[in-house]
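Look for chain A in each of the two complexes below; its partner is chain B in the first and chain C in the second.
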Partner chain A sequence: MEQTKRKFHASMINDYRAFVFLGIVLIFGIFANNFYTLYNFTSIFSGSSLYTFIGLAFTLCMIAGHMDLSVGYMATMGAMMVLGMRTLEGLPWGVAFLVAAGVGALFGLANGILVAKAKIHSFIVTLGMQFVIKGLLNIYSNGAEISVKGDFEVTDILNSSPIPFLPFSVLFLFTLAAVIILMVVLAKTRFGRNVYMLGGNLETAWLAGIKSDRNTILIFMISGILCGLGGALYGVSAGTATPTLGEKGIAPLMVGLTATIIGGTDIAGGKGSVLNTFVSIVAILAMFGVITTLVGKFEVQILFIGIVLAFCVLYETFTKYAKQKTLGIRPDLVQKYMQESGKTKL
Partner chain B sequence: MKKVLTIVALVLVLMFAVVACTSTGTEEPAAEETAAAEEPAAEETAAAEEPAADTPAEEDATNTEGGAIDIAAVIASEKTTDNQQLMPDPIEKAFPDRPEDPSSLPEDDAGRYYDMEYVGWDAGEKDAGIPASPGDGPQGKKVISIVHGDHAWTTAYEKGMKQACEAFGMEVEVWSPNWDQALQDQLIDQAINAQPDAIALIPLSAENAVQQFRKITQAGIAAFGTNMLTTSDAMPYMAAWTGPDDWAQMRQLADTLGEAMGGEGGIAYITHDPGGSPYYARTYGPITEFAEKYPDIKTLDIQSPGFEAAEVKQVVSDWITRFGDDLNAIFLADDSAQATGAVDAVKEAGRDDIMIVAAGNSKTGQDLVKAGDLLIINYQSAEGDAGLCARTMAEWFAGEEVLPVGYLATDMITSDNVEGFYPTQW
Partner chain C sequence: MTTKEQQATAPGIKQDSRRTDISKTSLFINRAGAYFIVAILLVIGLIIAQGRFVSIDNIRSILNAVSLTGMACAGLAFVVYSANFNDMSLPMTMALSGMMAVQLIPFGIVVSVVGGIAAGTLVGVVNGILIGKFRANPIIWTLAFNMVLSGIVRVAWGGSQIYPDTVAGDSEFAQQAAVQFNSFARTYFFDGALPLMVVVMIVLFVFAYFMMTRTRFGNKLKMVGSNYEAARLSGVNCAKTVILAYVLCSLCAAIAGIFYTSMTKIGAYSNGEGYDFDCLTAVLLGGMTLAGGKGNIVGVFGGVLVVGMLKNIMTLIGISTFSQYLVTGVVFLIVVWINTSSERKLGRA
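Coming up: the complex of A and B.
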């Protein structure tokens, strides 16, 4: 296939907007007190852990053309499960983590079956599932929080930085590993290609022999496992978990969703990058830090997230509209234009 | 893909370069129990080497030049919006012996909640990581106050904190996570990163507070708990805790209500958010008090619909239908939105005989007491709560001995004395 060297233009900024966003935040960080410190970056990276796991799960589903709105509550469930199994049931940490991931997989399986087999829209399925999980969590914990009860050994390990002079806690290294594994899976495996094909065009995927039901169920199960593990890691690192986690502030679901959109994942599916989602989450967390230091107001954080999200959605909508308009009117001219300009895509 | 990796590499290199530059000069971290504790200690060392404006040496100079503040005079002079004392004397509380196994006691036995009601008094030795008082007074000290969330109460609290800190010559920033646990954890990290002289925290969760206060203390910063009680495990990591004695106040409310009910009847509860200390105090405070003093007052139901008037109204309407004449009283954890919803439901059902009491003293609550819709509320000064915390910090900075747990003075507000508490704080 002939490759044409791409020139720098506006669409490149759009393609790498997560990095541009991060760059802008890092520049503003110069004006914030103590922003460029080892402690602050450790805090930003560690703080991004829960959101990253949720963002990865959300991005995976969205690339496949689905929405998983239950990711936030599945993460809460992971946190409650790991602490419940350890503190209330006295199981070893390893088993507790496995239970958290396993329960996440179970709820993912339920989501997947309802979407793939019962043909209910994922938006409806996962919207309902989050309330099921919320109810179960409240029944399990009697509405109360569960903590490590003074057993801070694993908490301290997760929050420690094993590499001197680098702002990477053990918690963040686990998160980074999850990002890299999912990147490799999506880029280098048949399953990864299937995910993109399912999201891009379901009919074409079916004609290509992709077992869409099986893959859809697997996608939701992976989403559940990611959320279960992410929640479990967060719960242990924080030392506690409550059934109301993220209900009143900027919910982890909203941060994950925002990062997915900023990262360039197409709402219609078929396009997206977990790396971009991850970078967006780090940028959002860094932005929180800058805004808190400069303004100190929570409302401004919400405002800025809203502005960034609105800007990305507007830009995407506009470019999509322009593309469809051009393609619809004179497709032959588009071909000619691309040949002349040397662009590989609009 | 190559382009992406190149950009990632460039960004990481840039960040590491900056981080490495800012970390230059970091000495060997102080010996700490855990690796997690090493970073803040190292940062603190680095920060201490820089000629920051708020270093102890310069504060000494400021104090010498400007003269030490008369803490007692400041305490006596400052008033709240409702003309009460902004920084009242903290109240000590006598505590009985702890039951052998509180969790084995029945739900309506006060002993079951011993570790919550008397939290802190028997929490043992303070953690060795709590820094020693600088002993040079509050002037010029930088304080970060992290509250729980945005609310009219919090606005009054913030006003009180700023007024009190300003009076002592302390610089204060108030940060709010808007009720989000994860965000509060992040704010604590950011507050530690800012290296203030003290952090005052209203924890969102009693259990999570342990790790939050532990983190602050491990960073070598003085931590002060305020307003919301934590579990006993968190207390060793605080220089002091101040706030309302919710349990005692709820028992007082219950006593007054029990008397008004003639010692018998059915009562239902609208609770605070499950999990936090107000949930237990404002639900099981009255339940245990009734069980002990008015055993013929029976609990009909306990619901947690939150703080939306419409939700509360729905729950109360359902109760009126479900329990009929057996419902004689309602105990609310909040005297604003919850009270509005409950009063509306009772009025619509024509059940003016149902007595309603509520915790708190907002303008809504006081107006409802004045109108005769609420029987009693309890005076719990939001500004005074913050003022007591600021006073405790100031006294600690001055090297004075402070109570490990200092309670806020309180009062009961009825239609007889409600006029004396206007204008309200929120």
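Coming up: the complex of A and C.
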């Protein structure tokens, strides 16, 4: 009986800590002025859009055992492409969004081929790709920003709330749709199961007949498409995009990575949930809001996001360390040994 | 040979057609590593900028430009060599050591420098204990610690920058210390031919080379980097080795941070920004791999030279800063690709 109880607590912290974190933030929200207002929640949810897309892409790659550091710049590219196609080239919005997603897919394909076929570590590939994308973006726009130039039609639609009394803007509804689609794909399709198997053990997955190269490339492509779309939606809703979008303030990559870790995704791969990542991103943004009202400093935001991330890493590390220490030891014999020797510690 | 022929002639057994000889080019690329690219860049430089490339002025400016990266790389090489990917807390180590040094200027120049280096090294101790002893994930932990440090530094100094001469105040002694501190990055030997920063970089590389090849620690590090479990089972104190690797990394980063602060005359939290990936780029160009236990310090020095020369040549030709990112990224990817494939062909990956 006690055994099952302990397991329940462990799973609570391991699998649902994003929800616990969100709960803590919401409790602190009581002390912040105007936290529980419709407007505030609308802005938190809308603000979470870009981070969610980046976090989803990052989580997907991490479940498969890879790291995609280029997500931040790919999102920037999506934003630049959609506004560039619309404002500079005069294409219709639909085509502009397609181009943004397509370019993201293209760079994802490049990442995937380098990782799967050339067998370079994904950390290195995406690190190099980061520089390439940064250079290309700056060349494309000459380092200047691209804006919608008075064509605010779609921007207004994205920022409006279609459902009364609910804090959901259209932008957030798109984000939510992406989360749900990815959740279903990961849980219900063969591809989703392959992702988990590839992350768990690449060799075994290959031996089990999964086309590991093709699936890895596909994972990186989906990551690219997600980033491209997320960046495009953000760029249009903000009405402007600059090449430095991927690095200003707390970099979107860092927020995505933090949320992925808080959400309980294993860095070694094979374990993780998209929903948890999404919840922790919302929690992080709510935390920023609470801190801004209570303390009012940007510095404290960085300190707190760091502390939360460090806490999660420390917790995981110490539980793993304790597990390693008692690995392969029979508990009944340990108890006997302790009774006989009178020691309290092993 | 005879056995192979016998096998081939025996009925029912197919001839083993797998290649057993080692590809000469792969071996050459693997041995020469970054210096191959240094030579290529040298030739390109000689052709493109006649007379300007190989001059005392230009060589000094190349070395001066990479000296800070080089100092940090000499330390980071230990971490990469021990199969711990990258020290993402490098930027804040540099910033923290610089800010501590500036803050301690009123107590004299010696206290300031020692305090700065000690503060930076402390970061390495914490990283080392958590990663070496408790086996935290190196990337995620150093990233988290970087964020925590960033927050602490920003909150402690109220998010503002500090200047050596303002911190020193009115006292004569402190003002002198501030002047001395600012002159670190502007000290030249031999009539301005050899900057102090380059000397320090070369000293650190020689020190790292000595540590890596001539000491017991270096041998242990190679074992830990190549195969952690095997090293542990053969009695190597892995935790101690990894801790020392991180301490050395932070020590070098702290020295680099003090020179950076001295160069810009500003102690700010943004001092080392971007150095984590820049240094990793140089180390990987130098032939080290993220798998650990491969490459050497001489190669890393070559990698640092490649970064400097590439930037210098691009500036000489007149490529814009934006395009430089692109070229750096592409060159990096191609070099790492060639490196990885040669390792794989030699059966070492």
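As a working rule, the second predicted complex is superposed on the first by the 314 of 346 C-alpha atoms of A that agree within 3 Å, B and C clash if a C-alpha of one lies under 4 Å from a C-alpha of the other, contacts with A are read in each partner's own complex, and residues count from 1 in each chain.
Convention: a residue touches a chain if its C-beta (ideal position, glycine included) is under 8 Å from a C-beta of that chain, and two chains touch if they have at least 3 such contacts.
Quantities reported herein were computed from a predicted structural model and do not represent experimental measurements.
For the composite obtained by overlaying on chain A, chain B and chain C can both be accommodated side by side without a clash.
By the touch criterion defined above, A:I163 lies against neither chain B nor chain C after alignment on the C-alpha atoms of chain A. When both complexes are overlaid on chain A, the residue A:G143 reaches chain B and chain C alike. Counting residues of chain A touched by each partner, chain B versus chain C, the larger count belongs to B. In the superposition on chain A, A:I27 makes contact with neither chain B nor chain C.
In the superposition on chain A, contact of A:L303 is made with chain C only, not with chain B. Legend: residue contacts after superposition of the two complexes on their common chain; A:I180 is shown touching neither chain B nor chain C.
In the superposed model, A:F288 makes contact with chain B only, not with chain C.
Look at A:K320: by the touch rule set out above, it reaches chain C but stays clear of chain B. When the two structures are aligned on their common chain, the gap between the nearest CA atoms of chain B and chain C comes to 5 Å. Once the two complexes are overlaid on chain A, the chain A residues touched by chain B in the first and by chain C in the second are 138, 142-143, 297-299.
Here chain A touches chain C in the complex through residues 67, 114, 118-121, 123-125, 127-136, 138-139, 142-143, 254, 257-258, 261, 267, 297-300, 302-307, 309-310, 312-314, 316-318, 320-321, 324, going by the rule given at the top. Those residues of chain A lying in contact with chain B across their complex are 16, 19, 22-23, 26, 33-34, 36-43, 46-47, 50, 138, 142-147, 149-150, 152, 155-157, 159-162, 165-167, 169, 187, 234, 238-240, 242-246, 248-252, 273, 275, 279, 285, 288-289, 292-293, 296-299. Across the complex, chain B meets chain A through its residues 1, 3-4, 7-8, 11, 14-16, 18-23, 26, 34-36, 38-40, 42-43, 46-47, 149-150, 173-183, 185-187, 189-190, 192-195, 205-208, 210-211, 214, 231, 233, 273-275, 279, 304. Those residues of chain C that touch chain A in the complex are listed here as 85-86, 130, 134-137, 139-141, 143-152, 154-155, 158-159, 277, 280-281, 284, 289-291, 320-330, 332-333, 336-337, 340-341, 344, 349.
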